[in-house]
Each structure stands twice: as C-alpha cells, then as structure tokens.
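Some structures are shown below for you to check.
There are two complexes below, and they share chain A, which is joined by chain B in the first and by chain C in the second.
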Partner chain A sequence: MAKTVNIKVNHVTRVEGHGNIRLRASDGKVEHVEWQVPEAPRFFEAMVRERSFEDIQTIVSRICGICSVTHSMAAIKGIEDAMGIKASEQTDKLRILCHYGEQIESHILHVGYLVAPDLLGQKSVIPLVKSHPEVVKTIIRLHRLGNTWMEIIGGRMTHPVTLKPGGFTVLPTEEKLRVLKSMIEDAIPDLKTLAEVVLSLADKLPDFDRDTEYIALTGPDYYTFYHGDIASTDTDEKVPIHEFERVANEYVVPQSTAKWCKWHRDSYAVGALARFNLNAERLLPMAAETAKKFGLKKGACNPYLNNVAQIVECVQVAEHGLQLIDELLTNGLKPEPVKVEPRAGEGVGCVEAPRGILFHRYAFDEKGLCTKANICIPTGQNHGNIQKDFEALAPQIIDRDQDEIRLLLEMLVRSYDPCISCSTHYLNVEFV
Partner chain B sequence: MKPVLIICLGNPLMRDEGIGIRLASELMEHLADNPDVEVMDMGTGGLSVIHAIEGREKIIFVDCAIMGQPPGSMKRFTPERVRSNKVRMRYSLHEGDLLNTLELSRHLGQCPDDIVIFGIEPKEIAHVQGLTSELENNIPKYVQTILKELDRT
Partner chain C sequence: MSKLKVAFFDFACCEGCQLQVYNLEEEILDLLEIVEPVEWREAMSDQSDDYDVAIIEGSITRVEDEEHLKAIRKNAKTLIALGACATIGGINKIKNNFEMQDVRKYVYGKDANMPHLDTYPTKAVNEVVKTDYMVHGCPINIKEFSYIVRSLAIGKEPKIPNYPVCVECKMKENVCRFEYGEICLGPIIRAGCDAKCPSNGMWCFGCRGLVDDPNVNAAKDVMAEYGKTLDDLLGKMLLFGNKQEY
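And now, the complex of A and B:
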C-alpha cells in the first residue's frame, strides 16, 4: 500500500537528555528515519578534575541513580590501576556480588516496567496492576531483592558508600550474607515465573534480524561483568581494557549531535545480548536452561532479544551470586585494611553496566589529584547502532499502521535500555 | 522500622538539584537520636522509593521542584495537590518521576496515607557542584520548617 507517513516523537527536558524519533515516508518509501540524541554528558569528567582520588567514587556514583555501583566500580578499578593496587580476592568477590544486585535491579526494572507493558498491550506499568496483578507483584518483589542486595553489600539502596579504592570501608556481616543468600534462594521461583511470563509473550517481540557487531567483556572462566578483555563477535582478537579507545572509536555524523562509536563496522551494540553472544558457553546451568527455553542462541542478532538476554542474566547473577556467598562464607570474611598511597599515573577501569560495557580512564599527579578523566558510557556506544537498526527496520514495516510503526520504533529504542537524562530527578509541577 | 521517614532526593552534581541531598545531611545530624524518625538520602534512586515507604506511617519528601515560584521558595504540598508537567516517553528507566512512583505504590496498596512533599524552587540546574546562594542562605530556614512538620505527627 503506497502511503505517506510522518512520525515525530519529541522528548525534551530542560537540562539534558532527549531522544527524538523522526520518520518521513511518501509513496510507501522511507525518505528519512532518524534517532536523534544529544552528546553524552561530558560534564562529569570536568567535575572530577583536580579532585583527590579519594573523592572520585563519591562523585561518579551520582552520575546515574541506576548504574551507581557500576560507575563506582569502574572508577575504583581505574584508580587502583593508576596507583598500582591489586584488589584482594575477597574484595573482588564482594564487588562482583554488589554489582549483581545492581544488574538484577536494573534488568527487572527494565523488563518489568518498560518492556512488559509493551508486551501486554498497555501504556505503562500502572494499568498492569489491575490487569496482571501477580505479574506486577512478582516484579516488585524481584526489584526489592535487588535493592536489599545492594544495601547489604554497598551500604545503602542507591549510590553505594562502602566501595573504595583498595577494598571496603565496611564489610557486610556473615549474618547479613546468610540473609542475602536465603533471599536469593527464595527469589528463584519468582525469576522462573517472570521468565515463563515473558516466554508466553515472546511472539510479541518483533521478528527483526540485522547482522550486528557485538562488543562485551569476556573472561576465560566465567560469565564476566568485571574481569577480562574486550571482545567482538567480528574477530577473535581480545583487546586489553587499557586500549579501549582502539575499540570505541568515536566519530561525528552529520545527522546526529551525538558522536557514534565504531570498531569493525559503522556501529556496534553493547548490553545483555552482546554479553550473551560473547559468553553464553560460560552461563551456569539454570541460566543456560533459561536461554534454551527461549531458544536464545549465540549469534542472535534481533535487538529486541536484548530483553530476553536480560532475563537470562538475572538468573545467571542469582546463581553465581549464591556461589560467591558460599565461597565467602566458607573462607570467612576477614578485615583487609588497605592504605592507598597516591602516586602519579594513569589507569583504566572497565565493567559491564546493565546496559553495556563502560570505560573510565583517569590520570593523577603525584599528590593523587585527578588531571584527566574520560568516561565512555554504553548508551553512547549504542546510539549509532540504534540508527542502523532504524534504517533497516523502517522499510520492512512502512506498510503498517502509523501508530504501529511508531510503537515498533519506540520498542526498539527501549530494547537497548538506554540511559537518557539519568542525572536529574527534580519535580516539575503545577498546583491544581 | 521507624514510623516516620524523611526521603531526600536529588543530585549534588547538578547545582540546586542537589538541595535535597544537602538537607539530608543536615537533617541526619538533627535527628540522629530520634527513635521515631529516619532520614534517607535516596539520590536519584527513582523506583526504590516504593520499597522505602512501604509500611511507614508518615513520609516526608524533600526535593528540588520547579513550581513557578521565586528561586529559593519552599512549598509544602501533598501529592494530590499537584499535577506533573513532565513528559515521559518510557524510553529509559532514567526518567523517573516521584509522583508517578507514588501513583504506582498507591495502586499496589502499599502507599502510606500521610505523605507530605517539601519542594524547593531552584535558581539554576546545571552541571555544577554546590548550591546557588539563594538556596544556600536558606538552609537553616528549610531545616526548621521540616523539623516543625514532625510536630504535626
């Protein structure tokens, strides 16, 4: 059917962060399709300059309310790298455990609050309370687990306070770890229920494949969010995190104010699906079984399946979290005071944020004051790929109803779980 | 669990958007020994508010709010008295809105009845640490007003 389509979805906030969708077509032909986003905020890099290495974690933990553990850990790893400190095995395990709390919280929020309404034909999670009360209650319980998980290890629900260069300011008690363990065990049935619900709706995820380069951390012996080198589905080469600029090549395109990132192609994707595509064989049994139920296999290149990969990862972090707690309790938690002596140097920290690989690079002078910072966020790395998906998807769906086209494009953006406008939260109200 | 919870929201990296977090540390000092009142710095934690408020008797929110008032003004209101002007696209988990979160909590039947919001009108929201003097000079007044609210409970 030859027709004319004109879609303009505007989202403008006062300070930063908008994502606009533009699509123009006539006679059934797409003339223009565009994902418009602003430059990733670089202001935070200026804020840490001239600050002591001891203050940086506190500052960067406020960049984002959802990825605050992730930013804290990337900064801490970068600082330790610059100061020549190696974290102990106990510290690494506790950090990974804390980070898992954030992964599960973020993934559950994303699947539960943003994706489930799409799959169940609602505009937001609120009508789901009436139409699907048990689904919402399951989501809320799992979200609470993530919150409590981070509180037990990170010292509070958001913006952790116990994570520091060298180790922890306060260790969780063994009693608290046992509490966490039983909470995770109790949550396994909820995770299975959520997976079943999404599986029953999986046919609502659009059928759209586009051959894509995926990039994530990869490690030799486990499904990593924390250790390892940078890997791509396009090559066998593994790049050390110190050379991340070789992977995240930023470039300017005329139609976007945000820089795009590329490595082997014009764009690449990061996030849960990227991690799955590069590490699936290292999933633990329950997570592997979950992937199998969905038919999710390495090489998947439907961006909407990122949501399925997030569910697989929720199971993975619960399963591995239980193992880590057992190992920590078997060894017994030991206080490990570490004195960090500042020195001049440069370091890189890299961890997998829920929405993809995150890089922090810092340089310090001999007093430990920051002289340079570079933060490369996952959403910035995904923008170019969203545009490439738009260009491939739009002609395939242009004959559909305009509202449906708009929804499919919006769902595509949502599937990447982007971090947009994440640093502000103020109320904007009028009195009625 | 203490029956009264003061939740302070905001981001200290964003100029006056950080007023809630600054007041959190002031209020924590004033109320450290109070057996009935807990103060939480929840940053921009968004939906975590749902879990924090469940089971409490009274909630007081302290947040930066664009209300069309002169900069530095503080207004006390309940969620029913205001309508949000935010446009939400649901692209991202990061576009949180407190009023929306409270609505969800109410629908779930776990929202306390007694909720008060103290909104403080910003002079400037920008990527800068530290408050503008319009807000900074009013800190003692804000603290006293919030502490007086506790006498109402």
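And now, the complex of A and C:
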C-alpha cells in the first residue's frame, strides 16, 4: 500500500525527560526517521568544579530522580578512587544492597507504570486502576518495597543521605535489616505474579530483532551492578573502568542536547538486556528460572525484551539482596568511621544504573576541590542505538496504520527506559 | 463536587519530585478520587490545555521554556512550583556562578556554540511568572504535597511551616550537627522535611529555602556558641539557594 506518513511526536510520554520522534514517508518509503533529544541541558560537569569532594555526590545525585542512588555511588567510587580509599567489605555490601532497592523501584516504575499501559491498550496506568485493580495493587506494593528498601539503607527514597566517601554517615540497625529481609521474602509472590502478568502479555511486545552490540559491567563471580570491568558482546576484551572513554567515544549531534556514543559499531546498547546478555549465566536460580519461563536467552537482540530482562533482574536483586542481608547479619554490623583526608588525584567510578552502565570521572586538587568532571550517562549511550533501531524498524512497519506506527516507535523508545534528564533531560515525537 | 483538573509540566530538573507523586503508593488511588490529572507526560499519554491547577517542576534556563511557562500560567487558575528547582532554582543555580559561555564550552567543547545547546542563568519559577503555592524541598516531602493538593481540592488554604529546620530536628532528639564541628543550615532554613538530613547524619543543605524572615540574631548566637560567624553559615548555602536574597 503506497501511502504518505507524517509523524511528529513532541515529548514522548511515559518516559523520564523529553524526546521527540520524527518520521516522514511517501509512496510507502521512509524518507526520514529521527530520534531527537531537546531536553534542557543542565551542565553538571561544569557545576561541580571548585566544589569539595564531600559535596559532589549530593550535587550529582540531582542529575536524576530515578537513579539518584546510582549517581551518588558512582561519584563516591570515583572520589574514593581519587583519594586512595578502599571501601570495606561491609560498606560494599550495604551499598550494593541500597542500590538493589533502586533497581527494583526503577524497574517496577518502568514496567508497571510506564510500559504496562501499552501492553493493555491504555494511555496511562490510571484506567488500569479500574480495569485491573489487582495488577495495579501488586505494582504499588513492589514499588513501595523498592522505596522502603532504599530508605532503610540510604535514609531517604530519592536522593540518599547516608552514602558518603569512605562509608556511611549512619548504618541501618540490624533490626531494620531483619524487617527488610521479611519484606523482600513477602514480596516474592508479588514478583512471581507480575512475571506471570507480563508473560501473559508478552505477545504484545513487537517481534523485531536487530543485531546489536551490548555493553555492561561484568565480573567473575556474580551478576554485577557494582564491581568488575566493561564488557561488550562484540569482543572478549575486558576493559578496566578507568579506560571508559575508550568504550564510550562520546560525540555531539545536532538533534540532541545529550551526547551520543559508539564503540565497535555505529552505536551500542546498555541496560537490563545488555547486562543479561553479558552475565546471564551468573543469575541466581529463581531469576534464571524466570528468564527461562519467558524463553529469554543470551544473544537476544529484540530491544522490546529489555522489559522482560528488567523483570528477571527484579527477581535477581531480591534473591541476592536476601543473601547479602544474611551475610551482613551473620557478621554483625560494625561501625566503621572513616576520615577521608583530601589529596590531589583523579578517579573513576562505575555503577550499573537501572537503565545501563554509568561512568563518572573526577579530578581533585590537594584541598579536595574538584577540578575536572566527566559523566557519561547510560541513556546518552543508548540514544544512537535508538536511532539505529528506528532506521531498521520504520521500513518494516511503514505499511501499517499511522497511529500504530507511532505507538510502535514510542514503545521502542520506552523499552530502553530512557532517563533523558540524566542524559540532559527531555523526549518529543514528531512525524513530519 | 467536580474533580480538580491538574496538569504537570517539567523543565530543567531531575524529575525526582514528580517521582515522589508515584511514591505516594496507595494514597494516589485516594487522590484520584478528588483530582483528575489531564496532562502528565511522565505518566500519561493524554494532553490538555483545560486545567485548574498547573504543577511546575524544574528551573527555567532557556528562552523557549520561559515562553512555555508563561503560556501555562495563562491557562492555569492556580500555579504550584514543585520542588527546589522550581521554588528556589535548586542545584541548577550553581551554574550561575560561572559565565554561560564557560559552562557550555566545558560540557560540549568545540560544539558549544550549536544553537540547541543555548542556556541562560537559571531562574526559579517565580522569577518568570506569578507563583501561587510552593512545594519545597529536594526532593519534596510527599506528605506535604498530598496535603497541599487535598487542601486546594476542598478550597482550603494550605499552611506551610515558616519556622526553621532546628525545630523539627530537636523534636527528633538529634544531636546538633554543630556538636560534630559541622556547619548546618538548620537555623535559617524552612522546616517541613522532618529534618531528614540531620536525622541521617548529614548537615542541612538548605533545599527548602530560607524561612520568610530568618531570625538572624538567633542564628548569630548559635554560630557564636560554636565559634563561627553568620558569614560561615551563609557561605554554606552553596548547593541550594545559591544567590538567594537574605
């Protein structure tokens, strides 16, 4: 069917930040398809200059309300690296645990509030309150679990207070850790229910494969979000996080206030599916079983399956979170006050945000004042890949109804769980 | 009673304050009984220019955003600034310590002059349009947000604390941060946060902005007691409320 399509979506909805979609086709041929990021740039890298190392995580946590724990931790790791501090095993475990709360909260927000309406043919979660009340209540319970989890360790749901270079301002009590443990145990049936609901709707996820380079942290002994080296599905090389610029290769494009990235190809993808593709064999039993139920296997390259990988990761962090709490309680929590003496130096911190690998690099002078910062955001790393997906997907679906084309493109953007505020911050779709 | 029509809009920010609305969890279901969201890009695909209340998150940093905000103001009967970026310019105001060309160049290098990367010194919402209510904080206190929205829905005037964070901190029986040799902004910053930071071992960063009429003499006394000056205190207002009037 030869036809003309003009799609112009300004500010794609149900994503964090502002992005636009532009599609123009005539005689059934795509002439132009573009992913644009007009988010207002915020200049964090310039703003942290001259600030004390003690204030950096407080500032950069504000890059993103949804991954504020991740940004705080990446900054803290970078600062510790620069100041020559090694976090204790207890600190590492508590940080990873705090971060797991954010993974659950963010993944549930994304799958439950932002993506589920697409799978159920609605424009938002609000109609689902009446049509699917039990599903909505399950989502709310899991969302609250993530928030309470972060609050118990980090002191607050968004923009954590207790995380700092060297350790924690205050530790959670063992009693609170026991409460958290029983909350996670109680949530396992809800996680299973959510997985079943999404599984029953999995046929609504578009069937679209595009061979893609995936990049994530990888480590030898567990499904990591925190330790390890940078890995790609295109190569066996493991790159130390200190060399992240060699992987990211950031560049500026006219349609985006966020920088784009590429490594071995024109673009690469980060996020839950990337982590799964690089680390699936290290999933714990319940998470591995969840992946199996969905038929999700290493090598998956349908970007819409990122949503499934997020469900698998929710189970993974619940399972590993329980193990970490047991280990912490067995050893007993010990106060470990660390006085950080500033010194001149440079350091890198890397943490897997819910939406992909995040890099922070800082340099400090001898007083501990920041002299240089470079922050490389997961959504920025995905923007180029979204464009490449658009270019491959649009010709395949161009004969469909304009509203359906628009929805599939929007769903594609959503599947990446973009956090455009992070990458600058804004999303519009325009079919011109 | 017809439901209050509410629209959310966001500018330069982390969207963490909108996120707090999700964090109301089950209480959202109750709020939806009295409030009808008609536009909320982060949560809904619906859009509308027909709303009673506009809730504005974020700071204004570009000419086009200023125009957009003015158009929203014309449509809205009531305009609420949501979170520190909107109420006092928040973290974004740190940028105002530098020349704009310098920050553009630092982040975007040789591409700094591309027109889409334009920026001007950060403004809070009330520096651009009349603002009827403020939900303070970074992030906001969700209980306070819910209270303000419920008050407006039933035509009641919400009461926002106008006393310093120290009041809430004392009620929590925290050891004063000054006792640890730190400088804490608690004596001059508006309460309403449940003293979250000092209760978790951190000094107050001042994210809720100054109380309307800070008791400067009392603050001087507190500072003197710990061998510090009022300038030391004001010098700590680096992260939030940069360049606030005091």
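As a convention for this text, the second predicted complex is superposed on the first by the 401 of 432 C-alpha atoms of A that agree within 3 Å, B and C clash if a C-alpha of one lies under 4 Å from a C-alpha of the other, contacts with A are read in each partner's own complex, and residues count from 1 in each chain.
The rule is simple: a residue touches a chain if its C-beta (ideal position, glycine included) is under 8 Å from a C-beta of that chain, and two chains touch if they have at least 3 such contacts.
The model shown is predicted, which means the values in this text are computed figures rather than measured ones.
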* Between chain B (first) and chain C (second), which does A:Ser124 come into contact with in this model arrangement: first, second, both, or neither? -> both
* Asked: Of the two partner chains, chain B (first) and chain C (second), which one does A:Leu109 touch, if any: first, second, both, or neither?
  -> both
* Report for A:Val252: first if it touches chain B alone, second if chain C alone, otherwise both or neither. => second
* Have a look at where A:Thr158 lands relative to chain B and chain C in the superposition and call it first, second, both or neither. => both
* To do: Using the touch definition from the top, say if A:Asp55 reaches chain B (first), chain C (second), both or neither.
  => second
* Applying the touch criterion given at the start, work out whether A:Gly271 contacts chain B, chain C, both or neither, answering first, second, both or neither. => neither
* After lining up the shared chain so the two structures overlap, which partner does A:Arg144 touch, if you call chain B first and chain C second: first, second, both or neither? -> both
* To do: Using the superposition on chain A described above, determine whether A:Met47 touches chain B (first), chain C (second), both, or neither.
  => both
* chain B versus chain C as contact partner of A:Asp417, first or second or both or neither -> first
* Pick out the shared contact residues on chain A: the ones touching chain B in one complex and chain C in the other. => 11, 13-15, 17, 41, 43, 46-47, 59, 62-66, 68, 109, 113-114, 117, 123-126, 129, 137, 140, 143-144, 147, 156-159, 421-422, 425
* **chain B contact footprint on chain A (complex, rising order)** => 9, 11-15, 17, 19, 41, 43-44, 46-47, 59, 62-66, 68, 106, 109-110, 113-114, 117, 123-126, 129-130, 136-137, 140, 143-144, 147-148, 156-159, 410, 413-414, 417-432
* Asked: Which residues of chain B touch chain A in the complex?
  -> 9-14, 17, 40-48, 50-52, 63-68, 77, 81-87, 89-100, 103-104, 107-108, 117, 119, 122, 125-127, 129
* **chain C-facing residues of chain A, complex** => 11, 13-18, 38, 40-43, 45-47, 49-51, 55, 58-59, 62-66, 68, 109, 113-114, 117, 123-126, 129, 137, 140, 143-144, 147, 155-159, 161-162, 168-170, 252, 254, 256-257, 259, 421-422, 425
* To do: Would you mind writing out the residues of chain C in touch with chain A in their complex?
  => 11-20, 22-23, 25-26, 28-29, 32, 37, 40-46, 58, 61-62, 65, 90-92, 94-95, 97-98, 102-104, 106-109, 111, 114, 116-117, 119, 138-139, 196-197, 199-202, 205, 238-239
